[in-house]
Amino acid sequence: MSVTATVQNQMLEFVRELYPVCRSITGEGVRATLGRMANEVALTVREIDSGTQVFDWKVPDEWNVSDAYIESLDGKRVVDLQDNSLHVVSYSVPVDATLSLDELKPHLHTIPDRPDWIPYRTSYYKRDWGFCLRHDQYSSLGQGPYRVRIDSTLEKGSLTYGELLVPGRSQREILVWSHCCHPSLCNDNLSGLAVSLWWAKHLLSNPTPRFSYRFVWGPGTIGSISWLATNENRHDRVIGGLVTVLLGRPGEFHYKRSRSGDSMIDRVVERVLTRRAPGAVVRDFDPYGYDERQFGSPGINIPVGRLSRVPNGEYPEYHTSADNLELISAEALAEALDICMEVGNELDGAEIYLNAAPNCEPQLGKRGLYRATGGDDVAFDELALLWVLNQSDGTKSIVDIAERSGLTVESLRVAATKLLDVGLLKAL
Amino acid sequence: MSVTATVQNQMLEFVRELYPVCRSITGEGVRATLGRMANEVALTVREIDSGTQVFDWKVPDEWNVSDAYIESLDGKRVVDLQDNSLHVVSYSVPVDATLSLDELKPHLHTIPDRPDWIPYRTSYYKRDWGFCLRHDQYSSLGQGPYRVRIDSTLEKGSLTYGELLVPGRSQREILVWSHCCHPSLCNDNLSGLAVSLWWAKHLLSNPTPRFSYRFVWGPGTIGSISWLATNENRHDRVIGGLVTVLLGRPGEFHYKRSRSGDSMIDRVVERVLTRRAPGAVVRDFDPYGYDERQFGSPGINIPVGRLSRVPNGEYPEYHTSADNLELISAEALAEALDICMEVGNELDGAEIYLNAAPNCEPQLGKRGLYRATGGDDVAFDELALLWVLNQSDGTKSIVDIAERSGLTVESLRVAATKLLDVGLLKAL
Amino acid sequence: MSVTATVQNQMLEFVRELYPVCRSITGEGVRATLGRMANEVALTVREIDSGTQVFDWKVPDEWNVSDAYIESLDGKRVVDLQDNSLHVVSYSVPVDATLSLDELKPHLHTIPDRPDWIPYRTSYYKRDWGFCLRHDQYSSLGQGPYRVRIDSTLEKGSLTYGELLVPGRSQREILVWSHCCHPSLCNDNLSGLAVSLWWAKHLLSNPTPRFSYRFVWGPGTIGSISWLATNENRHDRVIGGLVTVLLGRPGEFHYKRSRSGDSMIDRVVERVLTRRAPGAVVRDFDPYGYDERQFGSPGINIPVGRLSRVPNGEYPEYHTSADNLELISAEALAEALDICMEVGNELDGAEIYLNAAPNCEPQLGKRGLYRATGGDDVAFDELALLWVLNQSDGTKSIVDIAERSGLTVESLRVAATKLLDVGLLKAL
């Protein structure tokens, strides 16, 4: 694996720094997160005004919260946002009231089966308020009354997302999307931000890739809808993409195919996983999950798959306070970054060429590309030359040829370069 | 299973009543059978004149038989049509002769291996006559002479079939065909007539189905050829069909695919059998069998499969007097009717819709179609909504979506109805 | 198996006679070989001048060698072409020199791991010279000096190949190619010449086959390139072909598919091997191997597969003096010829017809093609009639129908002939 210990530690430190921040689909938490990311790469922060129509949706009002707590009348805080940003239901309206326990209860969320974990709850589109707490704590609450206060604002403002273009030799783009709207949850979504950010850093510090990469970090659902609605002229450039999420908790990799199921990105990721991640699980598309469902809607239909480790809802700590710094590991992040970098390598090999001398084999010997003494075994790189020539009819990429021949993309790229040099191959 | 005991008994009684009738491909036996069926549904009886050219064939002369017997010279009938309608070879020309046993023998048909069963034989297109009898009886015949008499007529007349249209919301038709030309054989063909007739009754007494159903009850081969040749303007309306035969003898269901093998009717029937009839056998099309071979001829090529229990020629009683009332059961008939009704239910789900807001997901929450508090698990019916929206690009039916998603047709229909109500889906 | 002992012995004797001849890609060795073949069939010998441009290649100068040896200064030959034609590197330029062992060594080729075998080496396109010898012999050589002499000529001349057309009822052709350029090697390539030659003899002495067969015997690579470049107007006639090589050494049959992998020739050969050669191995196309790589180049793309026993490079004796008369057997040759003849039989069945009465089944009974008495089991040949009628929509061959129906090509051909006779089928 090619991810250094330094990078592993940087990713883990990045998660550690951003863990306490109270993020939501809009607001200062997202801006702080993107600000930290801007220390690593020159991303552009974009704002879309509240109320903007984005397809069937409207960008919501901006939500911010400075404090939120439940305290006994003697001033002792029993639930406090400062302890954990999960304690307040995201998008809670402001509250300042004194309530009995019975009046308070409809606003309290717990996980009875996991009495020491705090759940994660939101109420983006229905004006409401609430607190999330440990069931243990909930059980020990006296009859009150309690003072309940949420110092939040829910007003015209904007939705914020970050965007970074890594220019490639081609203007055709690979879109990488990670959501940045979850509060103190490490695997969901800080791990995805860390891996995609360091993938971007890797691409920027290496030779120009074949395709351009567009990284977008925005809130889930409304973020990808907003991006798609305000970038309709860019859709055609995107030849494939990946949603990168849930990559920090050790466990098998899971690839969820794009809607068509057999696009280039699907084949590339599946090939990389077969090689680098034995035990990886590949699943067909379904319209539930993360932002891949927006890219895979019938009117958009951009082939975007999703790379995760164990998926949403399939590990017990999902959307609870147990998705914390102890759940993830530097090694798990590093393995995920390695897969992404290798997907990039394969995509770099996705050139499509045309055999310039398609009738029979061209005479490689007179061009110094074939051993002079016959009768002996074929050398491996001659095979790569022959495969590239044989399959380059303008419809098959180097990646496709790798698939059919069983040779590596690397060896075929070397062969293609040699053939381009002597004019036997033309780039399309 | 949804077939009541009353219906089970009605079907069995229907078979019992019609068992003694001497049917053939034309004549009064067919008319009597259709007359009894007309007590149940308002079918139309059609007649096609003898001599009418139907594709490569001509409608044959009409055959009727009032009496047929072999008697000893002392007037004792040793073989008598009145005992069993199988005793006379179907389409036997009139005979009145006195013959020695040796002269008679070429006209006698038996099953030496099953000495107590009478075989079923026909000679539709070669003018001949004959008797079918138990081999035991044959072995005990003295040298004769015998008086042989067949009181039959074979004259210009017509071919008779019955037809019933159950109108659906669409003019596109499902064709259901059962032959009605066999004499005293219960499984082949009275069971098929009973099941298709009660299927028609069920459709008529329930809400209008999606597709129209055309039931045709006519003689095998020449009947379907005649219908196809005289209804060429209707072929395009038929989007699929079923030949329903051999459904009364207990044993595994067998589905024989239409010629293409992957038409809608094939997928629907196979799905129903998987669910309702474990152990059911699915076979590819072959050009031998019943009337599916006419529908599947290359110039016609209407996707018609065949639903039976154990097929023709694969159970010992086939085309013998052992295919009698003891062979079949009310339960076997009821199970078959249940499969047919369930096929109808699936076909009802074959609607194709168009997502009216195809760019990204529409906002279900503002329409009351999505839970207000986020972060928790997805509810099952939300998944159905998402699948219907995602796949409804105008090419995929609810049945197709059921297949891809693993959800039931029922849940997807509920979802589609909700989406139609709020204008997010349009019917095509 | 239908290959007689006489033919088996003739093939083995043919190999034995031609074994000593020093063949190369041009020259008298090829002419002598084709001359011997002309005793068996009326092949046409063609010559293409040196220097002729054939696609990306030029026909090389013609090479001939009369003598070649290494002798000690006392006149004792230690390596002598007369002993084995492998001793001289093919296309060696003339040499007459006295050299020390150290000066000689760069021109000596051995197989250290197989010290008693002589390797086979060529230097067609790089002017060079050399000797091949047993490593034992090489190890025992004293310091010299040695007199080294190669009496060769490398001059303007021509490339020679043989061609035989076996006319079929159709002008569409099956191309059979075997290379004839290897010196004293029995399996590679005399076995291929023997089997293809006796296949041609078999076809000529039997009724005219459906398709025409074009047998070409020429040098590997440059031979097939030359034929393809000088016969461009014939490419369209070739509907498939086989390279027949390495057929004399006992071992499993190996079929290498044509480039598309699913052409008619592929399906036919695979079906024959399944039936006649249990254990046969089928492999996908790859662009290394024999002349199939030229036929399968993207600009040519003629579906040519390759039939061999154990392939090139996969048995230890390959391209060494151990590929001698002891390696091959008459029985192995005979089994290969049997497979070829059976491929021919299947190809004979590859007719494509059109049902002239495609609407429903035509009435076979009135044409004497159906049993008169109904009710009994179907006779096997009626099934063949029904399958041919049902599938003959102008796109499916008798071979395709055999595949779908499970009936034999033979029975379907009989059925097709009967249907053609009564006008129910039309040949395309």
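When the chains are written out, they are named A, B and C in that same order, and each has its own residue count from 1.
Following the convention adopted for this analysis, a residue touches a chain if its C-beta (ideal position, glycine included) is under 8 Å from a C-beta of that chain, and two chains touch if they have at least 3 such contacts.
Here the structure is a predicted model, which is why all the values come from computation and not from measurement.
Chain contacts in this assembly form a complete graph, since each chain touches every other chain. Of all residue numbers seen at the chain B-chain C contact, under half occur in both copies; the interface is built from largely non-matching residues. With centres defined as mean CA coordinates, chain C is found 55 Å away from chain B.
Residue positions of chain A touching 2 or more other chains: none. Listed in rising order, the residues of chain B touching chain A in the complex are 355, 357-363, 365-366, 372-378, 382-383, 386-387, 389-393, 404-405. The touching residues of chain B, counted against chain C in their complex, run 55-57, 89-90, 109, 119-126, 128, 130, 221, 224-225, 228-229, 259, 284, 286-288, 293-294, 296-300, 313, 319.
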